[in-house]
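Both complexes shown next keep chain A, but they swap its partner, so chain B is in the first and chain C is in the second.
And then the complex of A and B:
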């Protein structure tokens, strides 16, 4: 029930999860993020504009990717969550660690 | 597979599902809840999402933690019943797994770099009330969202 599109441009990988980031999809996201970092790209933007649902497993996958990216000298940033998905970040106090960006293209500008 | 009945069944449930206690069943529940909101379009998006979040977290918890490894998948079953009233959304989830040894009053959000362990804390944060009881040979969770808007 999820599509995970990955594009890489100028050293930044953009991951677009389309659909529900639930327990089953989180396993796929974990693998995709690990593959990106193993492949040598450690700056990742996860574009959540088309993510219709996020649970604690999906959040865990994002945090795992964030830690791995930072260990590799990069970072993981999230962009464009819907208000509903954003509530998951605020309810878990993760909005400070994974501060949402308004735009994918400029997510690594600051 | 799952079984569903229309609104206004004998118990007034908006949704009643008997389904495998497995992560793969979560999408099925999600689909069925979307159909519930079509019939109850006065439930706000914010209330739907809070409720959905909590239901998914408790179902995920049951699927991951309620069964000994030697219990084969076909024996792992749970029942979900959802009721919608003018004041609240309520789900009861019962499963045939092992008793949960857990004090809900001690559940807290883990450290920010933890990659797991947020499920119950998130459900508690999303809900107005969460109860657990062992009833006979079943676990029974009751989730309540008071409608806010």
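And then the complex of A and C:
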């Protein structure tokens, strides 16, 4: 199972999925992201440093969150993907759409 | 290699050699050029048929008989999806109960696009899931069955999906017999046959597809191109989701590029109209133009798309704020136009990537006030940006480019390198339409769907597919063009028998020596490939439904290129009145039969009065008789009164009598149940010249 830690600081929510972000976890993540946005925070960083596995369903949840965040006037950024997770990004060309940030704290700086 | 395959390959080779020999001779030496108006169409039709035959031969070349499936690995998670729109409750629940009884552990779901409370209650009673569209779909294109499945994908999380049409009753072992193939991690799809139980032995409507769900799929399987046929298939979720993600990335890329180009022309136009004194506005527009260029360069350099558009949006919003803050003399923005741009993507039922350039140009060509222009650009980028405001879900795993989502989805799956499997064992029992009208509607939809894919995502130019895969997909599409060839094959004998015009130079020994052996081996190929399966009905319908095939191609062409409606015929939802024979539905066929018969009479008369040759007349008479025998199936179809189960035949089979099967069957909605065109498309033209 996956753990999804959420912390909010100065209007930016940081979500840390710990474990395997697969088709089962994807639904959870989608819900968590939706709740954050409904709660009034539209700037979100998903910190993937402790995500050991990511599949296309997990990517789908990230895209869904991105859509909601932008519609709410904010954005969703991803940070610190592991090499395994980065492979999935490359495989689906998602890296051409969304650039992973090296650092959580500065994810919204640029 | 099995002996059957060896034999098949031998015949394929001989057929190809004899066929090419014949057609080259036809083009170079035997076209009756002075009667070009029939001679040229005929030789083109013959070439068409030869290509069809070669593609069939290529399919048979790698025929793959898989035999016993590998055992299913335990402890995998499976969702069983039953798709329904408006089928009767009992019909869906029969399927649902059978689905619950599938032995391999799974979760059953009814995907109820009709959003029926009574269906929800029944599902709850059975202890199974009930899924209907989420609120995201309000006001968005629904994409029929593809949309229904995409919606359900988001609400479930099994590793594998078994997809069933509402009337396909699964066997308890359907998952045990198919899941084992997925031990190969590259396998994305396992398709099993569609077989119909409410069809008599004689199959008057050509419902069964014994050749397609058999040698043709097995042959495609050999080239790793077995098709997904909409139902009775197991799919790996990861494969589908990957399609969704890569398509999303692709469409965002195309959409953003287009939007930025349009943005530049809007701004350039607005800039031209500025007066000399409007310095502030000019600077604002220049700034935005600069940002358009910068964003394009950034993307061209490989910068992440969505980051680039986000920065662009932010900068443009800032420029506009300054402009307003400067309290300049502002002309009111053209709000209508901005609204139009916002909706631009929503205009089409396609994806953003296919929004036509003309539509963009039309919308942006109008005169805009400077502020209006800047706002329009913002709206434009917003429309194609991540939010994909034209679709309910940003990621759409099931393809929505066609009314038959199965073929398009499968082609994309193959394009991503996934493998497909055709497992030739009947593991679900379905219902076919029982009246001519529903049958015709269903065939039209399948054909239209295939033609849409041919026009929108032609397999021949899909770079990620291997060449054999491209040809396997293209072969199916090619066979749907047969309606045009059929016209020629009907016209040629009629013209000879009535006017005496011969489209070939001479009915010489040269002609027969080339044609006859080809026809013989071609039929032999067909016979060996079928391996005892009945194929005659399919051959008949391939010619007899020529008006349907023609209409499918022309309407799909109009839909894809001229943005016309597909001319959706309303599928009858009430039980058919079997008492009325619907001759009106087959008027073109009846006219063709009448013309052939009259031409036959005319030919005999002309022969009797010495105006025609004995050889030419008898040859064409044989041709006419052959065509008439083919078309005779249409008469049977019109007179067909629905299925009577052999055991429960009532004493007085009056047309108004309703057997249980008949009571449910007509409510099927064939147009929502895309499946591959059955064997009826396969091969008749190869034998009748």
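As a working rule, the second predicted complex is superposed on the first by the 110 of 110 C-alpha atoms of A that agree within 3 Å, B and C clash if a C-alpha of one lies under 4 Å from a C-alpha of the other, contacts with A are read in each partner's own complex, and residues count from 1 in each chain.
Definition applied: a contact is a pair of C-beta atoms (placed from the backbone, for glycine too) under 8 Å apart; a residue touches a chain by one contact, two chains touch by 3 or more.
Computed from a prediction, not measured in an experiment: that's the story for all the values here.
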{"item": "First (chain B), second (chain C), both or neither touched by A:23", "value": "both"}
{"item": "Which of chain B and chain C A:75 touches, first, second, both or neither", "value": "second"}
{"item": "First (chain B), second (chain C), both or neither touched by A:99", "value": "second"}
{"item": "Those residues of chain A which chain B touches in one complex and chain C touches in the other", "value": "23-24, 55-57, 59-60, 63-64, 67, 91-94, 96-97"}
{"item": "Chain C residues within the chain A interface of the complex", "value": "154-155, 157-159, 237-238, 241-242, 244-246, 248-250, 252-253, 302-307, 310, 385-388, 393-395"}
{"item": "Residues of chain B touching chain A in the complex", "value": "23-24, 26-27, 30, 45-46, 49-50, 52-53, 56-57, 60, 63-64, 109, 112-116, 118-119, 121-122, 125-126"}
{"item": "Residue numbers on chain A that touch chain B, as the complex places them", "value": "1, 20, 22-24, 53, 55-57, 59-61, 63-64, 67, 84, 87-88, 91-94, 96-97"}
{"item": "Chain C-facing residues of chain A, complex", "value": "23-24, 26-27, 30, 55-57, 59-60, 63-64, 66-67, 70-71, 75, 91-99"}
